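These are the structures in question, set out in turn.
Each of the next two complexes has chain A plus one other chain: chain B in the first, chain C in the second.
Let's look at the complex of A and B:
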């Protein structure tokens, strides 16, 4: 199967009063059709900026995509007009957000908010769109769909709100679903339900998913392939089993070592020596070198390219140069 | 919704009782004998005694209070200056004030909201700077000065509009602009800041991510939320227009209740002052109720709690 999404050398900067924040500085990865790609990394490394860059929703000012390419289904998204981009948003690429409590508009009924997404693209009369919304609510296991469509967000639990968001995202049967930390804001017991729902729907609809998380546990249960992000760059990418069994990059190894044992339910990314680099003034050469246990002379001077060192397993590290 | 309104109406009762007690006590809290106060400086001892009986000032305080309340409604509370029921003096004046306040708030809301929205949507643009500067000027413009400037331009030089008095719609234009200016500024500032706050919210990004056109994201999703805090300001401004229009009324010789209160205070017409306070407070709380209802209409979280 071919790639549905191909991101190449994507760089997104924020021009703020404190300086230029290089949130993404040459991100490359691809997602195949029907595949779940997990994107992991510490907080602030640029995962959400990657998602919003693909959606064409970088707030501007202060943000701007300064270089790179985003090929979606063979089309260059970065050269589309706002109008063309709008017809892709929600219809071909849909997004689920981290916090369902804040991503639904508090003053509109949830059914209307889903129906509106359908109406925006198909101009379906709103009554019909509402029925479609109810049907979608059924699919994402919201009880009493016909009652639920006339609820306001504050009348639903967090898990239910996220189901509404998923229903909305799936309403137009998108080719690509971007899920930015879809379970982080939810109770642990609800997390598993939502994840299995996403997985089931992904199979039923045959969509591709970009699953963003800082939780390696979530990624390992869901993703076919994994990309590890560090300070605005992808440092390692490979099939989930390869990456988890034999991590190549010292950062990935650190992440995996920092996971608490399986009997503990939380597996947040924790302690790796050193601090996350300042994105305004990132370290020269390899951005990880100040924290790297293997640091060599070349690491301070040259940025290592992301390249395959094993079949379908890429890493950006000078240690694998030979 | 009906339950909500009934509950709010019930809450009005204690407020009105409170205001009427304060208005009533005003006469009694002033130093000296209320009868002497009412009679004025040159009154003889007999005059004072006559007044004391006429106003029941020899009765216990709470009896007097109920007489005052009763007088408010049955017309037995008589204006000293106009020699007619205080309520009949006040009522037409309140209507005039309401007329002016309604016209002003329409001006203020229309100008203020449009300026605020445009500012927020195109923030840090030239339009934004111009509009925020004008808003600041608006809230700090002295009413007297602004009123006279407008009279000079539109009545004296251009002769387009009358400089004062009451009559058709033409008479309303200048006072409505003058009274509405400060409120327009306040509303513009509030709309701008609440709109900017709302535009940062996740649900705005989510609405864009659905593929909704910008226009709908702003006017449906953002504005509806931004209106909630703005409505509070509109209510406050409207209240201020009811009670604080004295300056505008004076500049334009508009026979409103603000001027009536000031004139009555100067003329020691205590019954009118007292009754005006109660009636203005009544209108005020009704306006507040209106704001609350609008609030509940805009925000389902209030409606359904």
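Let's look at the complex of A and C:
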């Protein structure tokens, strides 16, 4: 299977009064057709900026994509006009966000909001589009779809609102779905429902998914391949089974040791000392070096490239050089 | 193990409606609906549940910050009501709280010294400003901050550091009991581990008793000695940690444990682990067992009668007709 999306050396900076925030500073990855790529990392590592950069939704000013390329289905997204981008956004690449309550317009009925998206792209008559919305509601397991389309967002629970967002995202059969922390605002039992829905739809529609989450359990359950981000860079990337069974980067290892597990007892949690670096003035060399238990001289000076050290398993760490 | 805090069939019902002109409420939110639990001395009771299950309300009730609509709460064998009537300030010294969001729970216009030291000042525990400085500095070092942080403001700190300040504030009056209400839910995983380790260390050193409230079962497993699972204002199951996690008896606990995405190989089939349906509203809870509309094993009696909360094995309590 070929790649649907290829991101190369993407750098997105924000020019603020406090300085230049290098939110992304050379991110490369690809997503194959029908693949779920999990993107994990902590607050401020650049997961969401990656998503908004792909969607062409970086607020400018202060943000700007300063270099790199985003190839989608063979087309360079960074060279498209806003008009051309608008026909891709929603139709070929759709996105769902963390907080469904703030993604829906509170003063319009949810069915209308989905129908409007269909109408905007396909010029389907609104009546027909509403029927299509009801059909989609059925597919995302919203009970009584014909009644549900005339509800307002506040009349629906968080889980139901996220289903509406998924219905909207799928309404035009996009090739790529970007899901940015889609279940973080939801309860555990509802989270399982939404994840299973995303998985089923991905299989049925054959879409590719970029799944962004800070929850390693969610990523392990969902993703085929995983990329770990730290401070605006990808530090490790590999197949889910390789990455979780044999994490290579000290940051990935630290992260896995730091989370309490529901299926095992850990007497003491391992701690990654220190805090996430300031993106206006990131450490030189490897950005993880001030917190790294393996730090060497070279780590303070040179940024390690992301390269394969095992088949299909890449890591950006000097410890694996040579 | 002697009990420090206990609740017996505690209720908290909040009125809905009842404005300026109509004083009669139009309904009741049954936030806490007959909760019995106990926190042992020097140990942690983990309270888990999904949103709206009444965890936080239970925490506030145990601290006497909300007045129960029914039932009784005891603190070291004495009725809480009695303690609060006799000497409310003295009770405040014994029971404290740490909230979820350290961005909202610290006054942005107060320095760390004022935030942490205010309680000691108000309770007359320090004689001079110098003593206050020393005591606050000692607390800061106990929670992993430095003396030089004394005169800084909350906005100068990261989320994890702010939570450390909130913990220092809770410790300032030398309490016996602390309610930790989702203390790490707003933090990143690597910072969460630091705070959880700190809380465990403090418990050992100071022999603190915790009520640890969280929606995250993995965190609760790590922190607790005993665990109580709440759903819609009721405790469905409570047991020592090991027996709750290795041998959950209530269908809700079982389903909840199953539905958490885990790191595993081969990956789990999430589609097989789903609890169907939405969490019902506590304004209009289902009759009988509150979990019955979502329970795969529900039978007629589950829809008609709320099951008793019974001890089915030593220390293992469950409210289910089928157990």
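The working rule: the second predicted complex is superposed on the first by the 313 of 322 C-alpha atoms of A that agree within 3 Å, B and C clash if a C-alpha of one lies under 4 Å from a C-alpha of the other, contacts with A are read in each partner's own complex, and residues count from 1 in each chain.
In this section, a residue touches a chain if its C-beta (ideal position, glycine included) is under 8 Å from a C-beta of that chain, and two chains touch if they have at least 3 such contacts.
Fair warning: this is a prediction, and the values are worked out from it, not measured in the lab.
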TODO: Using the touch definition from the top, say if A:117 reaches chain B (first), chain C (second), both or neither.
DONE: first
- [ ] Check whether A:199 is in contact with chain B, with chain C, with both or with neither, and answer first, second, both or neither.
- [x] second
TODO: Check whether chain B or chain C contacts more residues of chain A in the superposed model.
DONE: C
- [ ] Using the superposition on chain A described above, determine whether A:148 touches chain B (first), chain C (second), both, or neither.
- [x] neither
- [ ] Over in the complex, which chain A residues touch chain C? Could you list them?
- [x] 42-43, 157, 159-160, 187-193, 195-196, 199-200, 214-218, 220-222, 240-241, 244-245, 254-256, 258-263, 265-266, 268-272, 275-276
Task: Touch list for chain A against partner chain B, complex - done: 52, 55, 57, 61, 82, 86-91, 94-95, 97, 99, 102-108, 116-117, 120-121, 152, 154-155, 165, 168
Open item on the list: Show me the residue ranges of chain C that touch chain A in the complex, using the header's touch definition.
Closed with: 50-51, 158, 160, 188-194, 196-197, 200, 215-219, 221-223, 245, 255-257, 259-268, 270-271, 273-276, 278-279, 294
Open item on the list: Which stretch or stretches of chain B touch chain A in the complex?
Closed with: 124, 201-203, 205-214, 216, 221, 224-225, 298-301, 304
